[in-house]
Amino acid sequence: MSDPAISIENLTKVFRLSLKRETLTAVRNLSLRVEPGQVYGLLGPNGSGKSTTMKIVLGLVAPTSGATRIFGRDSTDVSSREDVGFLPENPYFYKFLTGRETMHFFGKLCGLGGARLRDRSMELLELVGLRDAAGRRIGGYSKGMLQRIGLAQALIQDPRLLVLDEPTAGVDPAGSRDIRDLILKFKARGITVLLCSHLLGHVQEICDRVGILDRGVLVREGPLDELISIENQTELILENASAALLADIEQKALASGARIVDSRKPQTTLERYFLDVTGGPARRDP
Amino acid sequence: MSALPVTSHRSFSPSRVLAICSITLLELIRLKVFYILLLFSVAIIGSSLLMVDLTFQEEFQMLKDVSLGAMSIFTWLLAVLPTALLLPKDTEDRTLYTILAKPVGRFEYLLGKLLGVLCMVAIATVLMTAVSYVVLYVHEQSVIHSTARLVPPEQVQAATDSIRAAAFGVNLLPGVAVLYCKAALCAALTLFISTFSSSWIFTVSISVCVYLIGHVQSVARDAMQMKHPMGDAPLWNSLFLLVVTVFFPDLHIFSLVDDLAVGTPAPPLLIAEACGLGLAYTCGYLLLAYLMFAWKEL
Amino acid sequence: MKRVVLAIVVLGLLGAAKIPFETDLSRKFREAHFHQGQVNLSMRNQLGQMGSIAALSGFRSVVADYLWIRAHVAWEHTEWGRMKLLFDAVTSLQPRSLLFWEGASWHMAYNASVAAMRDDRQPREALRIRSRDEFYRIGEDYLLRGINYNPERAELFDRLGTLYRDKMKDHCKAAWAYFEAEKRPDAMGYVPRMAAYELAACPGHEQEAYGLLVDLFHQGKQQRLPTLLILIDKLQKELQIPVAERIDITADLREGTPR
């Protein structure tokens, strides 16, 4: 059996507040596993311990107790980061570098070089739709482009795990859609994704499994479909149904002892409507 | 997408350090730190124009002193101010997270950052030395030409020799090398302070204090090493001397240019020992910075 | 907290380990005539607060230069007392600069002393002479202190010899100073001649001086300057050197005398 992409065992993190004896428990006895190939959503309100958990997974913060592993390697071991790509929230890159130079810089940090690094950089810039902007300075990139170059750099060493912190924060709907599409592409390629977000709509669209943190404690965890389906209700969407048919269904339902909770015309999402009127998800930043 | 071959991770990689070093150097160049060289040029060219009514020996001595003094302060400023900004800026911009989320060790990160600053200071030192040489050379030529018109032909050679002897000579270069080592020490010290400091202003303030105390540390050390240092002085006096001697570097050792500028010969072995001490301090402070940074929660 | 304690312990250990190296290196530099400048409380008025800080922070020579320029301004206003205070500060800050010792001595012994003799505010000549001699002594003191800091250099001995010869009229001391200058590797070519001339003027040393002058004469044409030749001639007569042993200076004197 292969190692889980992420395994967290009894993780607790207590921060000592500076110059005070007070402490803050950011994560309390957290255990979870993310299997290879999954898109895992780590949800929670602000201050719930998502970012701390993520930082511990990435080795940026040391756990007070417990352990985290990436594909079997301890997170505190620098070599574990060979398998991880990370996109921080609102990423910032060196403004004076072009997109291509940024990719080269991060590639060199991962031990890549020469033609292999050049090819890999162009391949990823193509993947995230920044090939044409590869020679432009990052200082001139839009928010969506920054997120996309962030995703590209996260993938430079071909990691098996991607950790994304609020990847669509501050991005317009079209950019947001692009990023979600990219995440689904990564999933299709077998890359495991740990996604931290509080934009629940996005999580719902792409995650296989979610964990919900509240004040440092994992309160719910499991496959998304199971967590959000209402077991005793059924949704029926009809097209071109006549009023007589609807009345007939209602009568039969009542006769069988079922209760009709709601009946309404389905609506498109505001996002889809916005994308339709502004040119759709195919639009890219210049 | 082609799969990249998995390479075994090395705990220290010069290429990773080089990548961070070059990006730091580029970042500093983009921050326009070299504008400080314009100030340097203005300082020494301006001072050369101000020296009227002095003998040529006095003029050359003062030009050398001003050049080397300015070089001393500018190399220190260039070492301390950018270093104090490195960690806070990377943390604020979150580039620190992006870099350390790659398979980059924290020591590699610190070393790369420090080397970036040291490369920048090295470039600045070379440029400042070149500017000093040019200004002194121009001044030397003008004095030689004006003297040649005043002295009898048979004395021109002797006069020219004495003018050349007073101008900027290669004997000052070891002093410049030691100045650079002092700047490297100060950069590493600032990096160490910035690993536990809460703001860059605090870092710079502490660095300035260490710089000032470091120049009189030898006085404390000499007093401590005297047989009867303080007579009946209270214990805390001796304790104070001990703390200053142990915890502060002796920066006075690195101030050789004052004496080199007036012709004191520099024994190569002593210069090498001073450079070695500077390098040892730099390594020591880097090690301390790593100790603090290795467990720092980002 | 643990890492702070660890860092302090490592800093302390490294700090303790470096002390012998620093002490040794500091001693070696002092032996090589480095780091002899001093900043002391008596300079406070001349340096000011910023100057003191700058001087203590590795900018001794720049501060010394600044004070030297101020001394130059004081000279233009003939403020001799102020000049002396500034010279004291300059030479303390930068004792390895021969220029400062020499300049300070020259201003005191050659300029201030002449000004003292021309001082209209002092009608009594005896007091004017006393004041002049005091400036000579100050000039001499600068050179002697400078020599103390720069014992390997010939220049200050040479200037001291000239001061004894021209101003203080002490030819024995002048000879001693020139002899001392002669011992230094950077001595100027004329120094042995000056030493011999001054020794010739030092009562009781005429025989010794004659021997030196003869040696110089035999070194070749470049030493046979009119003063040397005339002095040889004078001493030969005074010391009653047998005629057969005397040096005939007439040919050289004729050659060396401009026509």
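Here the chain labels run A, B and C in written order, and each chain numbers its own residues starting at 1.
Here is the rule we go by: a contact is a pair of C-beta atoms (placed from the backbone, for glycine too) under 8 Å apart; a residue touches a chain by one contact, two chains touch by 3 or more.
It should be emphasised that the depicted structure is a prediction, and the values quoted were computed from it without experimental measurement.
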Considering only which chains touch which, label the overall pattern as line, ring, star, complete or other.
-> line
Compute per-chain Cα centres, compare each with the mean of all protein Cα atoms, and return the closest chain.
-> B
Compute the distance, rounded to whole Å, between the mean C-alpha positions of chain B and chain C.
-> 35
From the C-alpha centre of chain A to that of chain C, how far is it in Å?
-> 81
Dist(centroid_CA(chain A), centroid_CA(chain B)) in Å evaluates to 47
Touching two or more other chains, which residues of chain B qualify?
-> 295
For chain A, which residues are in contact with chain B within the complex?
-> 15, 55, 58-62, 78-79, 81-82, 84-86, 88-94, 96-97, 105-106, 108-113, 116, 120, 123, 127, 150, 153, 157-158, 163, 189
Using the touch definition up top, name the residues of chain B that touch chain A in the complex.
-> 1-4, 6-7, 9-11, 13, 15-16, 18-20, 23, 26-27, 30, 93-95, 97-105, 295, 297-298
Touching chain B in the complex, chain C uses residues 3-4, 6-7, 10-12, 14-16, 18-19, 21-23, 25-26, 28-29, 32-37, 53, 56-62, 64-65, 68-69, 72, 94, 96-99, 103
For chain B, which residues count as touching chain C in their complex?
-> 53-54, 57-58, 61-62, 65-66, 68-69, 72-73, 196, 211-212, 215-216, 218, 221, 225, 245-259, 261-267, 270, 273-274, 277, 280-281, 284, 287-288, 291-292, 294-295
